[in-house]
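In this document, chain identifiers A, B and C correspond to the written order of the chains, with residue numbering beginning at 1 in each.
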Amino acid sequence: MSIRVTHLAFAFPKFSLRVDELAFESAKVTAIVGPNGAGKTTFLKCVGAVLPTAKGSLFIDGRDIALLKSRERARLVCYVPQEHDTTFNYSVSDFVLMGRAAYISPFALPSREDTRAAAEALDFVGLTGYADRAISEISSGERRLVLIARALAQQSDILLMDEPTTFLDPKHETEVFELVRKLAVEKMKTILVTLHSLEMAVQHSDQMVFMKRGEVVAHGKSADVFQESLLESVYDMKMKIIDWEGRKLVLR
Amino acid sequence: MSDLGMDKRFGNGVKNLSGSVDIPKSLIMISTVFAFILSSGALFPSQSQTIKDSLRRTVAVPLRVERILSLQPEITRILVALGAADRLVGLDYFIGRDDHLFKILFPGGTRLPVVSMPDESVNKELIVRLDPDIIFTSPTELQVSESIQRSLGIPVAALASMGSFDGLLKEIELVGALTGLGERAGELGRYFREKIRFITESIGPLDPEDRPKTYLAFWSSLVRTPVFYEPVQAAGGRNVADNLLPSHLGTIGTIITLEQVIKWDPDVILIQGSFLPRERQVTVEGVLADKRLGSVKAIKQRRVHYTLGFWYWWDPAGVLVESLYLAKLFHPEKFGRLDLEQEGNAIYKMFYKKPEVFTKLMRFLDFHEWTEK
Amino acid sequence: MSGQKNSKAKGLAIFFLILPLFLFLVSLSIGSYGISPHGLFKTVLSVVSPASYPDVPAAYRDILLRIRLPRVLLAMAVGAALSVSGASLQALFKNPLVNEYILGISSGAAFGAALSLVFLGRAFPPQVGGFVFAVVAVGAVLLISGKAESHFISLLLTGIIVTAFFSALLSLVEFFASPYVLQALFFWLMGSLSLASWKDLYISLPLIAVGLAMLYFLRWRLNVLSMSDEEARSLGVNVRREKMLVIAATTLITAAATAIVGIIGWLGFIVPHLVRMMFGADNRRVVPLSAAMGASIMMIADDIIRGLSSFEIPIGIFTSLVGIPIFLVLLKKTRKVWL
């Protein structure tokens, strides 16, 4: 499932995003990094069609996203937000079941098939025992996993995760990354994640995209593109990259 | 009274809130009380009598009222009947706009300013300019009277007959006394009592079973009924809703369930007909055709009629005619020779000194039943 | 899976779903006239074969068929309609503080009815004007707030503004109209089932039935729509279209109910909360149980009113008086998180 971006543009009153040419490979994990306000989330939302974009700017598997019906588009790409506002206290299983919305017509109820898909998704993230718990009563780390489970239930080949590890403790952070890797490898999903942590980004991703002020300044294989000079120009500060036991550490 | 804002003027003197009284503070208090007495004297110049209004408030009024603002149509009508119409300085919206009688008595309008609005608000500035000695209002519009009394210092009396002849007669007497037209008031009072006596004597003594059970459908609804309506009683009938609920705060209407009407099984149903035919929500035809009431005696015997009822309380002439009409309706054998139209015109002539008023009113309201011979 | 808890909840749910049927029968036996259950039974039979029961008074039949039956049916329909409407809009607006009148229906309907009484007189039933302007009010809200997919907050605010606007218009009409003409509006503004007759039901019942059916089938979708617009969109929902669908259905049933019985406060607000407290937030359960519970509560309230005295206490007052304390108790209980 390939993603190709061509002249993608989106404008807020005080900020505009503009990405000219960018392609993402299937079954790979791409980390999108950059300073705050660089447009990472906006970009992700555009790719996920959560924000509207013009025709001809986004192609998934050769199909123009802007021309697809919501249902069809959702079966291809899924945007996973960072947090969920728990206004209504759904159970975890009901919450994950909502991921099946693209496969259920508005006036219908979920089928047995849908329920099974949701249960499988929950199982994949390791939270089967949590099925009857209310989403407001689980930890935020577990809630993140539930959000991912819902995205899995949607069975779209492309997952866009917005800062999935921010505010998580190291253990949960690692869990999420392992999950992401598992998804790319076992389920052949194309995954884009926005991250703040450069070290995590370079360690866990195949490709990286650097953004600054609404534009892409660099992209490529993580190992290749992760250079001190690039980091300095993107973040406007001196950084030192240290190699340690095969891992890259960033000193600021 | 805003000019007595002592806190602001004598700030230092009253700051001491502990037990001890400062000399300046006591002086302030004395002078304030003095000022109050003086100013209240200025507000009530010839405060030489008090009256008790329908809400049992004691109101201090001048000995003689020359400038009258009546916001209570019943009182306005009484004033006209007494011949004190020239003392009116202003009217309320109802008389000014919706009253049938006034449209007949003053076909060209009265050229009096309208001071109130349907939402019970009043034009206070206009009232000040009109400078009335007294304001009459209806007990149901309590806030209006309180606020006027408070802010303008003009005495406000809340009066209403409340569906009783006694109440009406007391009003006539009171207004007569206030305007110095006691003689005319006495004349009207006697006339009224005489007519009622004529009715009750013509009917003679009655056993309760001989009084037709009557249900009154007032206020544009089948289920709103007055808990007291004396004309029915005077005419030898019985209001099924009599004293169902004690009247309070100047209202005598209540809402009952339709099943209750069926349970009462009235012999006669009277519909408030003072609404113009075009505006009637409840009509004789409508009630007769209402299948829900099919088992009620009044429907089966087709004894459903219009009556005048209240039209913002009473018109004293109207209520007399109504009593005659009801008496004829309930006990036709005792009033065979009664020519209602003739009697009606005579009564209206007595009160309002104009001929044919009753005939015109009947035509207005399309009450052919009342005028057919 | 806590099987025991589950089966208890299931039992409770079935109880609440059946309750309206039971209350329906009970309600038919309550009223000022006082018909014994035996008399009632004979009356029902006499309807089927009048010949076999000649001694059943005509009054019994009139009361049962023309007064009580339409009234109880109306209570059920209105109770269900307002509760489901409230539940659906709460989901749509992701805000449990929302009620079914939020889009301006109450003041639009009041204005429409008043307008009809003043200009069309008694020839025209004010309910039609009420219904029309209730829909107009919602239409105005949708139009003013721009694209329906815009932030739900602006829909809410626009609803408040439009409500205020039509209230002002109503005051204007009251101002110029003779108060006696508007007497008929009196009951209606307080909310009352006393005007219930078959004439009213012939049109309003089908409308309510259609709207309720729509929302019944949309009940799972409401879960999805109760997510933020972004989430809903990424889940593959045509947010704009489906929101309109829900708003159309809720407007239909609320306007139809309000046009007949007037403004009955708090029902559409309280009932969904009660249901969520007992059965969770899943709208697959909330919608039908809100309908059942709303119908039950209306019938009980009306039974109390009709059974207590010969007076007609407007039910709208009743639901407010009862609803507010319940709301406060609920508020206390669910301090932490909204259900």
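Convention: a residue touches a chain if its C-beta (ideal position, glycine included) is under 8 Å from a C-beta of that chain, and two chains touch if they have at least 3 such contacts.
Being a predicted model, the structure only gives us computed values, none of them experimental.
Chains making contact with chain A as well as with chain C: none in this assembly. The central chain of the assembly on a C-alpha centroid basis is C.
Centroid distances built from C-alpha atoms place A farthest away from chain B. Between the Cα centres of chain A and chain C there is a gap of 43 Å.
Chain B and chain C, compared by their mean Cα positions, are separated by 39 Å. Centre-to-centre separation between chain A and chain B, using Cα means, comes to 77 Å. In chain B, no residue touches at least two other chains. Residue positions of chain A in touch with at least two other chains are not found. Only residues 1-2, 91, 94-96, 214, 217-221, 223-224, 226-228, 230-239, 242, 245, 276, 280-282, 284, 336-339 of chain C touch chain A when the two sit together in their complex. Interface residues of chain C, counted against chain B in their complex, comprise 31-34, 57-59, 62-63, 66-68, 121-122, 171, 174-181, 183-184, 186-187, 194, 197, 306, 310-312, 314.
Chain B contributes residues 94, 97-98, 117-119, 219-221, 223, 244-245, 254-260, 262-263, 265, 275, 278-281, 283, 291-296 to its touches with chain C in the complex. Residue ranges of chain A in contact with chain C, taken from their complex: 45, 48-50, 69-71, 73-75, 78-81, 84-91, 94, 97-99, 101-102, 104, 106-110, 131-132, 134, 136, 150, 154.
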